[in-house]
Structure formats: structure tokens, C-alpha cells
Amino acid sequence: MTSTTLDQSAGLGDWLRRRRGLLASFALLVAFPFVISIIVDGQGLAAVVNNDLGNARFLQGLAIEVFILGIYAISYDLILGVTGILSFGHAMFFAVGAYGFGILLKTFELAWPVAVLVVVIAAIIQAFLFALVLPRVHGITYALVTLGFASVFWIVIQSSDLADYAGAEIGLQGVESPAWFLDTTNERFIFYLLCLGIFFGIYVLYQRIVDSPAGRVFVAIRENEDRALMLGYNTFWFKTLVLVIASITAALAGMIHTMHQPIVTPNVAGLFWTVTALLVILIGGMGTITGALIGAAVYRLLEYYLDRWFGGASGLLIGAAYVLLVLYVPFGIVGTWRARAVRIKQGRDRLLRLFTGGDDGRTPARE
Amino acid sequence: MSTETSELTTQTPDSGSSKNRERAEWLQENRVRVTVLAVLIFVFVVALLGLDRDDWFSTIMQGLSVGALTFLVVSGLSLIFGLMDVFNLAHGEFFMLGAYLGWTAYTRADTLIDVAIPMLLLGAPFALMPLWRRIAAMVTLAGRARKTSAIGAIVVGALTAFFTITRFPLVIWDAENFAMTPTNMTVQIDLGTLAPLPAESFSGPAIVAILGVLLGGALIAFGFSVLRKPGMESGAIDMKRLATFGGLIVAALVLHLIKEPVNEWIFGLSTTWRFFLSMGVSVVLVAALGALVEVVLIRPLYDRPIYQLMITLGIGFILIELVREVWGRPEFTMARPAAFAGTGEGCPGQGLGGFFSGCSTVEVFGGRLRVYNEGFVVLVGIVVLVGVMLLLKRTRLGMVIRAGVEHPEMVEALGINVRRVFTMVFALGSGLAALGGVLAAPSIGLSSGMGAVFLLGSIVALAVGGLTSFPGAAVGALVVGLLQQIIIRYGQVGIPIPFVEEPFKPSPTVVPAASIVVMVIILLVLPTGLLGRSEK
Amino acid sequence: MSVILEAKDLRREFGALVAVDDVNVQIEEGTLHSIIGPNGAGKTTFFNLVSGTLRPTAGRVFYKGEDITDLPVHKTIHRGIGRSFQITNIFPFLTVHENVRLACQALGKDSFRLLRSHRKYRQYLDRTDEVLGQVGLTDKALQVAATLPHGDQRKLELGMILAPDPEVLMLDEPTAGMAAEQVPELMNLVQSIQETGDKTVVLVEHNMNVVMSVSDRITVMHQGALLAEGTPAEISADERVQTAYLGELYDSAAEEGTS
Amino acid sequence: MSLLSLRDVHTFIEQFHILEGVSVEVPQGSIVALLGRNGAGKTTTLRTVLGLNPASSGTVTFDGLDITEQKSFDIAGMGIGYVPENRQIFAELSVEENLRIAERKKGELEEKEEMIFGLFPDLKRLIRLPGTNLSGGQQQMLAVARALVADNRLLLIDEPSEGLAPVLIEQMMDAIRTLSEHTTVLLVEQNFIVASRLAQHYVIIEEGRTVKAGEMADLVDDDETIKRYLGAA
């Protein structure tokens, strides 16, 4: 996606040319509901804008779920794929947004911008909680501690003690949409466009972050944290920054989820939801950013269709697919595609061992 | 270690003064550790003293019971992590699977026997691995074609095996049907009216089914040997391998012929004996599964620890789905074996005598104890603890494990197949988890989520005790068990909070959260846990 | 000339082993000071103590008169001390260019910038080119570091500590594993960097020949302790050094310290 | 005939190409010293022989058999003992267990006891202590002793004199000399005096390549080579 040349005087035409893939897919996704409406439903274009029932409406909903999953997974990719921090508490990042937003709107009846602000502040505090532990424990122990954090949240959120707020095991329901453009039932198309916009916005933002000076340090931390420290980077603050960014992003995904789904179940705080993020970036390719989005689409659609075709056995199939992926396609879709393009003769065996997608060693900085 | 070491024995050259100094140094190095331990004990004592006198004894015993079950899970986790650096996130699911298999062996032994017959046949061709490898060496294809043909062979083999297995007479072949029966069966066993269902017969000629399964197994084995790197030839087909091959087939056939008398014999046993039998069966099966998982899934990822962690997550997920598919979604219970189910006259009995007069609950120190939960389970936990300690300290295998934890490569360089030891330890750990599962089933029932709950407890126990320390695992499990029970108890009576009139009553679901908070605090103060080795 | 780096009564024990035994060394500004000694003499431990990667059991380290003993590693770099490692320590999957660029960026104030491409920070790119030219890796800038031959990886590592333009360069066996032909080339490079940039270089070596011609001063360590210190001429004339080097079998003066 | 021979062996450790063509011949019954600078690839050569860092190309033959692709424990089982660089004593195991674990047949330790404690009398005194309580020199002795328990035809010894006091080096040299009466030895040694007094042959490795090999007697007089490759004046 990024250019290999160093040009500071790029005009608009050049900018468009470099971003043509991105712009094309954006346009395609805007047109997508209309296309479905005409071809599959046999309805006119107005049907989409009027939110008439049909496949177009349903598929918009499915696409919104992909966007939510994509935003959620991309934030995990920044933590695990780009920076190499193994956290098993990512579901909590999402659930704080989902539950927090819902409870603030429903029980405390805050105005939605205020609620968003409070959730963002909560997300930042939460990121600092996760960062606080970083200097003490590493590797698997860190994974366990973060799993512990998330488990506490998961247990507490579904306990009967908080039933008045979070709805115990059933989950949070009855959150009303605070604004017309956040109304997934009545203004499905508008909501779809909003989510699409956020989705692409986050994607571009993350691409920029990974390409920025700070992003290069994140990659350096993944590659060899000791060396980064000895170069003079205070790696703790960089990792904290990563956690803050990811926490806010995941909370954003959670908030959209609350708006889109009638019930927020405790499942979004459980280990399986973290595993889902892991699965998505595994499918797409770790550390590639783009992979998180492609992985989200593949995963959500696969889940939907497997469930339709195989019913109860679909869980088993997803599990088997996951295991086979870990064993045989560790780079994921984007990673494999890039590695094939690179073919570093000697580095390949080693590449397999890391979860890099190979975008780092390859992108030449200058020519 | 052997006992004939007398020749090597000489006195150790330690003087008293150096011992004192060592002790002082040890205290100096471990002051944080000692402090944490002291605080922990202090908290426990204060918490227990806050309870009524009648309560504290039974609370401790219940804590020990939960601790014992947790310990059975955590011991395997600890052994595996210590030796192989693999954190097995599927360990809770091994525990769950152990419970389900134990339940099946307990109430539906006939099904297990039916399933065992085709499985033995399917496994038989794998005994002839050198033969397949030799044939595979003749395959001249290279690269992608080779891989494709190998995968093709595996797929065809699996399909053949699958469709021929359906021809075998399985008492309850239909998973749906089987899923309906558990509750029913549990009721029957409670009533003492459980009987084997009438055996079915092969659909179609038996020889087709038998040969089909053998062929399927052979194709799969062949496929795998083609996939292997060329040049890794191994030994010839000796008598031992042929005997294994023949033995497995004969065993399957004989089992088929004597199925009915065996079923009748098993169903005629008292539930106590059947319970012990099911413990054995479950442990062996899950241990075998553990070994298989290690060899097929974990070993290829030896160089990629993060992927190893991820794959264990996937295995756990698959096991949950598998259990839901095979046994159905509803949670069900398992009847307590007869020896622990007495409720006759004079019960609850007094003290130990009460148990021998056949009571399921006895009164000790004013508290009421369930003999199974607080007696038998704790006893098994202690036996396993002592057993594994003896294994580690007194046997050659234990010596190799302890050495392998430190320098696996050096052990390998001494001519010991460390990978095989890894597999054995993985199997042992899985088996212990299964044992825990069977033991837990009569007291807490079965559900597909039980693994996750115990895994969480075990992670806490492991982190508290120290990731690589086996005694630490035991201490951690004890802490977790006691903590949970104390909080549950306090949840019932309420925790007095200053300046608040109504005492705080946490719901029982919040209990695991409290132990996790304790874990995080301990890890922050002591990253290596109470008994773990420090990193430097 | 003034003392820029000073180790005072530096001591480090690993359990019963005394790896560095009350060593005092003063390094003067603008000199190339070598610390040599046979294997197991405690050079690398000493080096790690001075550069802050290890904490001493006792003793202090001073840099320009300031106590830097307890300074975290990443801060010593900001004070102007760069160090290299005995085992090649680079980012193996980044390009040579990116390896050096990261080193350049570390000292600037832009590392927390999130939204502009790193390619737009010209000053680091220019500095990177400069450094790559200095160590002779310009042609290989776009190669992935792991694919470089060993000798070039050592040069890359040198480039990475050179990048932020430190006042003191600490090099731990920069020639380890290099072919004999390449050694003079690298040593000349080190010497020229020291002379042209007026830098202080602390060099740890176990090969005596390597340092003889380039050093201003040499400190010889042996079994954790200081054995001798002086100019190269003094050192090569020192008999104790010779025996220590070739094996200490008949050296009655050697203590039975380490075991 | 050579008991062990490496021909043009290449080895990677992770992504790094460590050995780029090492050839070594170890004649039956001799002591061969592997010389070279720090980081030249000497230790990796020993590990490659044992299959701990398997060769990616080239061949390793032991006693006429190609062992390049064998597994480490099989290679060791053929009769190769290893004394690693950092000793790798099992700290949690007692001295006796450290020796016992090297047994390939039950009771081997009892058979060799006399010989081992003859060479290293200290160990007999310490038999019950855990490995972690041993001093550096004692650990080194234990590491050598451990390689002697099984019937090994070849010993790979990495830096036996490193970090030892002079008296102990002398003792270690005596031990290696004694055991070389029955066993072939491939020795990595930084201390040239020690190497030159023990070995009959030498091989010099540099940047992962064999650059020179021959009789030790010739090398001792060859100041030029010593200076160039080994750095001793």
C-alpha cells in the first residue's frame, strides 16, 4: 500500500494513484447494498435508502459485523502482530466499550458524546492497568496475568451482583439508540455507511501508525526488545502507547457492537472472544494490519455459512480449521502472499518462527 | 534411584557454621517470598477465626477437596510446562473429557467396548510404520505432487475408515440418540436398574467392515510416511512390530466375540468397582489422547512457542465442541458410587466409624463432611502428590525429567530420547487431569464448561505456586481451594464492612474473581510465584 | 585530558564466583583504551557493569564525574555512551538501512510521532546514509540484516552504535569470529572513527595482536582482577601478561581465585 | 582410518550461517584440538557432530556411518560423549544422579566408579551434594566424569580449562591424557599451551571455515600462524 519512493511533493493525482486499491474497495463497499438490492432482491435503489427488508439489508448487517470484528482484530494485531506483546485479555478491551457504552446510555442516561468520552477515558485507564504489569512479568506469564484481568471482568460482569446494570448471564439489553445515525434498525443504510467510514478510517490510521517513527519502534520491540532498549528507546512507554491506542480502538468496536446488536452478551468478555481476535489475525496474517480486515471478513462469513450448512458441527469445523491454520499457514493470507513475493532464501525458515508477515524487512526506505 | 548406592556413599563435608550462614543467606534472598507466605497464612487464619467454630473445620475440608481437584489439573500443567515450556491451555478440556469418558465407562461401558473394536483395528496398521515408510521411499514424486498424493491418501483413508466404521455394530451409533440418554441413564443407575442394551450386529458382511477399517488405517499411515522427510529411515519390521499388528487385530476380534459376556460382567459389578474401573479407563484413554496430541500437534511447533500456545487453545475448543456433539449439550450428573452413597439409619455417622457403617456424610468436630468429596477426593489428591513426588525423586524417569527441565539438550547428548520423555510426561499430565475429571463428576456434575472453570483455577494455582515448581503447584492448588471456600462461606454469612450496616454478600459466581485478584497481586510482588525458581 | 569514564572498586559476584574483583580503571577522554585478557578473565562482565546492563555487587561507575551505576540502560545511551555486543545483536529481519535508521531516530525527539511517515524525517535518513557510508555498507542498505555475512553484521552493529554520535564507544570483541584478513580493516575503521570524531573508544578484546597497534592504553585483566595497565609498549614487554596469555601453568603468581 | 570426519559441513543457527564449510578428520585413538578465535564456530562444530545444530549440507561420518541426519540421542548412543562449554551440570540433581543419568546400561556407574574417582577424587567426597553447590572446577570435573560413565569411543570436550585455576588445569590435563588412552578426543581449547600439550593434531577454524589443519608439532613452531589465527603473541 505504501510507496517505495521518497517524495514529499506528491500531488493529488499521485495520492489517488497510490491509494487506488483502498479507494476502489471503499467505492465497492458503498455500492455493495445497491448491487445486492438490484441483482438479488430485484428491488430498486430507493429500497436500500428506505431500509426495506431483503438480502441487501441482511447483508449490510453482516457487513457491519465484519467491520466491528475487523476494527477489534486490527487493534489486537497492533498489540500482538506488530509489537509482539502476548496478551490474552483483549476481549476485555472490547467488552469495556460494549458494556460501558450500553450501561452509560441505558442506566445513567448520558448524552452519547459524553458516554463516548467516558468510555475512552475508561479505555485509557484500562490500558494503563495492562501496562502497569508489563515491567514485572513477560511472555507467557504476561499472557496469564492479562487472561486473569479479563476473567475477573468476565466473571464480575455476568454475576448476579451487577444484574441491574449488566443483565447478568443474559447480557445487556434494551439500549436505545441515542441518535438517528446510530440506529441500526431504522436507518440501516446510514449506520452501514457510518461503520464503513469508521472501518476505513481506522485502517488508514493504523497504516499510518505502523509507518510512523513510533510504529517503527513498535516493530523493533517485536524483533528484538533488548536491542531497542539499548538503542535508547524506553520501550515501556512505547508498549504503553500501543496498549492505549489498541484499547481505545477496541472500545470503539465494542460501542458499535452495542449499537448494532440487541443484546450484549457476556461472551464478548470471555476468552473465546480473545481467541476470535487471534483467529482473525491468524487467518489474515499477523502484523500486516491489512490481514486483520481480510481475516475478519473471511472469518465472519465462514462462521455464518458453516453454521448454515453444518449447524452444530460448525464449531468443530472452525476449531479444526484453526488448528490446521496454526500448523500449516502460520503467515495467514496476506503474510503468505507477501512471503511468496519476497522469498528471502535463508530467512524463510526463521520467518516461519516469528509471527511477522514480512512487511518490515522488505519495505525499502529509500532507493 | 537404585538402592545399591552404598559403595558410593561417603559423608558430606558440611560444618555447622556454614549451614547457619547459608540459612541466613537464604533468608536474605527469599525475604519477599517468606513475607508473602506469612501474609497469606495470616489472612487465612484471620479469615477462618472470623467464622463460627462449627464452620471452620468443614470450610477447610471443602477447601482441601477443591484444592485436590485443582491439584490434579495443575500437576499435569506444571509438569508439562516445567519440562517442555508448553503451556497447555487445553488442559481444562482434558479434565472435562476425562469426566465424560469416565461417566461413559461408568454408566455405558458397552458403548465404549463397541467403539474400541474399530479403533483397535484402525490403529493396527500404524504398528507397521517401517513398512509404509519403505514403500513411501519408493514414491518418486517430489515437491508439491508428493505432498498432494500424501494428503490424498490420508483423505481417502479417513473417508474409507469413516464409512466402514458406520458398519460396525455400535450399541448407540446415533449421536443424537446417545445425547438423549445420559439423564435417563443417571436415573437408572440411581435406581439400580441399569442394564446393557441388546447388542446389534454388523450392517452388511463383517469382513468388509473389518478390512475397510484396516485399509483406511493403512492409507492414513502411508500418507503420513510419505509426508515425512526422506532420508529418515527407521528400523526394519521386526517380530515385535508384527506381533503388535497381529495382537491389535486379534484383540479387536476377540473383544467382538466376547462382548456380551463382558458387558454382562461389567453391568453386574457393584457401582464402586465400576467407578474404579471407569477411573482407570478414562485415565488411560485421555493419556493416550494426550500422547497423540503431543506427537501430532505440539511437536511440530517446538520452535514456535507462541503458536504452541495458540494450538492448545484450538485443541481445547475442538474438545468442547466434540463433547457437545457426542454427549449433547445438556449438563448431567453422575451417581456417586455405592460405597459413598449410604444414607441408611444412623446417618450422618460420627467420625471415621460413621463411614465404615456406610454413611455418605459424617460429623467431625461439629462440622458435617461428605465422605466422597472431603474424604475420598482429598485422599486421591494426596496419593497422587506423593506418587508423583516419588516418581520424580526415586525413578530414572523422574531423574531424566528433572534433568530435562534444566538442560534438555544435554540430556539428549547423553543418548536419551528426550522427545519420548516429553510425550510420556504429556500423557501423564493429561491422565492426571482425566483422573481429576472422573473424581469431580459425582460431586459437581458434568458440563462442557467445567474444563474452563478448573483451568482458570489451575492457572491461578500455578501462577501462585510458581510456574515450574511441582511442590509449588500443590501449594498453589491448596491456596486456591481454601480461598474459594472461605469466600463462598463468607458470601453466605456476609462480610462486615466498616460503616455499612448491611454486610457485603458476594454471589458465588464472583468467587473465582477473588482468587484471580490474589494471583495478580502475588505475581506483581513475586513474578516467579511462591516456590518458583527465580530467573537468574 | 580528563578522565571521562571511571570504574571504582567494581565488583561482581555470581554465586560463589567472583567474576570481577575490585577493579579500578580510569579512561581518559579522546583515547582508545583496550581491555584485554584471556577467556574467562571477566572482561565482558566488567564491560556490562560499566555500560549498565549488569548491576555491580559493589563499587561505582562514573561518567564525566557523575555516578551512572544505577542508570537504566536506555538512559546511558542518551548520556552519550554507545555499546556493542560480543554476540551480534541486531534486528535480523529489518533491512540494514532500517537497523541504522532506528538507531539514529532513538536520539531525536520524534519517536512518539504517530501520524507522519517515518520517511519524511529527513534528518534521520541523511544521518543513516552518512553512517552507512562510514562503515561501508551503503551498497547493502536494502538487504535484510540476517542475510549479511558475519563480518558485515559486525560492521552494521558498529554503525548502529555510531549512529547517535556518542562520545564514548564501548566495543565488546568487535572482531569476534572475523577472518584474519578482515580484522585490520575493522580496526582501522575503529581507529579512524576515534581520531576523526575525537571520541573515546573502550575496546574489549581477547586477541592481543588486534589491539596492539591501535590502542593508546591497555588494561590487562586476568581472573577477574586487574593484572597490568600501560601503553602498548609497556604491556608487550610485561612478562606477566605473556604468561597469562599463553597459559598460566607455571605462573606461580596467579591466584587460585576463581574456583 | 578416521573415527570421525566432517566434510564441508554447513550449519545455520536460526537465520545465521555459522559454519560455512568445516572439514575435520579425527583419527582413531588421537587427540585433535579445534582452534580459532572467539565466535569462529568451534562450539557449533561440536554441536553439529552431535546433531544438536544439525548440518544443512555436508556430511558427518562416525566410524564409517553417515550420522548427518541422525537424531542427537542416536548419535550419542553410538558412543559419543560430550562435555559442553558451560558444563551444563544438572543443578537440581546430586553428583551421583548427574553421573547416573549418563548410564546407558544399568550398573555402568558401578563399573566405572573406580576409574572415574581415580581421575577425580574430589567427586567421591561430594557424591551427595546437589550440582548447584559445586564450585566451577568441581563442576567441570563432573562434566568430564559424566561423559566417562557410558562406553564412549569418542569424547567431544569444549573448553575444559576455561575459568579453572592453574592447579586444576593441570589436573584436568592429566585426566584428559589418561582417558585418551582408551578414547579418541576432539577438543576445543582457547588456551594454546593446554591444547598444544595435549593434542597430536590441530584444526583451525575461522569464520566458520576450516583454514588450516595438521600436526600439532608443526604448529608449535609456526609463530606466524599462531599469531595470525590465535592471537597469542
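By written order: A, B, C and D. Residues from 1 in each chain.
Following the convention adopted for this analysis, a residue touches a chain if its C-beta (ideal position, glycine included) is under 8 Å from a C-beta of that chain, and two chains touch if they have at least 3 such contacts.
This is a predicted model, so every value here is computed, not measured.
K.L.:
From subunit B, what is the lowest number of touch steps before subunit C is reached?
P.N.:
2
K.L.:
Name the chain whose C-alpha centroid is farthest from the C-alpha centroid of subunit A.
P.N.:
The chain farthest from subunit A, judged by C-alpha centres, is D.
K.L.:
Consider the two chain pairs A-C and C-D; indicate the one with the greater count of contacting C-beta pairs.
P.N.:
Higher C-beta contact count between the two pairs: A-C.
K.L.:
Report the inter-chain centroid distance for subunit C and subunit D in whole angstrom, where each centroid is the mean of the CA atoms.
P.N.:
Going by mean C-alpha positions, subunit C sits 30 Å from subunit D.
K.L.:
Could you grab the centroid distance between subunit A and subunit C? Build each centroid from C-alpha atoms only and quote it in angstrom.
P.N.:
44
K.L.:
Starting from the mean Cα coordinates of subunit A and subunit D, work out the distance between those two points in Å.
P.N.:
From the centre of subunit A to the centre of subunit D is 53 Å.
K.L.:
Take the average of all CA coordinates in subunit A, do the same for subunit B, and state the distance between these two points in whole angstrom.
P.N.:
Between these chains, centre-to-centre, one finds 35 Å.
K.L.:
Which positions in subunit B touch two or more other chains at once?
P.N.:
Where subunit B is concerned, no single residue meets two or more other chains.
K.L.:
Could you tell me which residues belong to subunit A and also touch two or more other chains?
P.N.:
Counting only residues that touch two or more other chains, subunit A contributes 346-347, 350, 353.
K.L.:
Could you say which residues in subunit C touch two or more other chains, in rising order?
P.N.:
92, 146-147
K.L.:
Would you mind writing out the residues of subunit D in touch with subunit C in their complex?
P.N.:
14-17, 37-41, 135-138, 159, 162-170, 190-194, 206-208, 227-233
K.L.:
Help me check something: in the complex, which residues belonging to subunit A touch subunit B?
P.N.:
Contacts found on subunit A: 86, 133, 136-137, 140-141, 143-145, 147-149, 151-152, 155-156, 158-161, 271-272, 275, 278, 282, 312-313, 315-316, 318-320, 322-323, 326-327, 330, 352-353, 355.
K.L.:
Per the contact definition, I'd like the list of subunit C residues that touch subunit D in the complex.
P.N.:
Within the complex, subunit C touches subunit D at residues 16-17, 38-40, 86-88, 92, 146-147, 149-151, 173, 175-180, 206-210, 236, 242, 245-249, 251, 254-259.
K.L.:
Can you name the residues of subunit C that touch subunit A in the complex?
P.N.:
Residues 53, 72-75, 77-78, 83, 89-95, 97-98, 101-103, 105-107, 110-121, 125, 141-142, 144-147, 160, 164 of subunit C touch subunit A in their complex.
K.L.:
Applying the document's contact rule, which stretches of subunit B touch subunit A when the two form their complex?
P.N.:
Counting only subunit B, the residues touching subunit A are 87, 297, 300-301, 303-307, 309-311, 313-315, 317-318, 320-322, 324-325, 452, 456, 459-460, 462-463, 467, 506-507, 509-510, 512-513, 516-517, 519-520, 523-524, 527.
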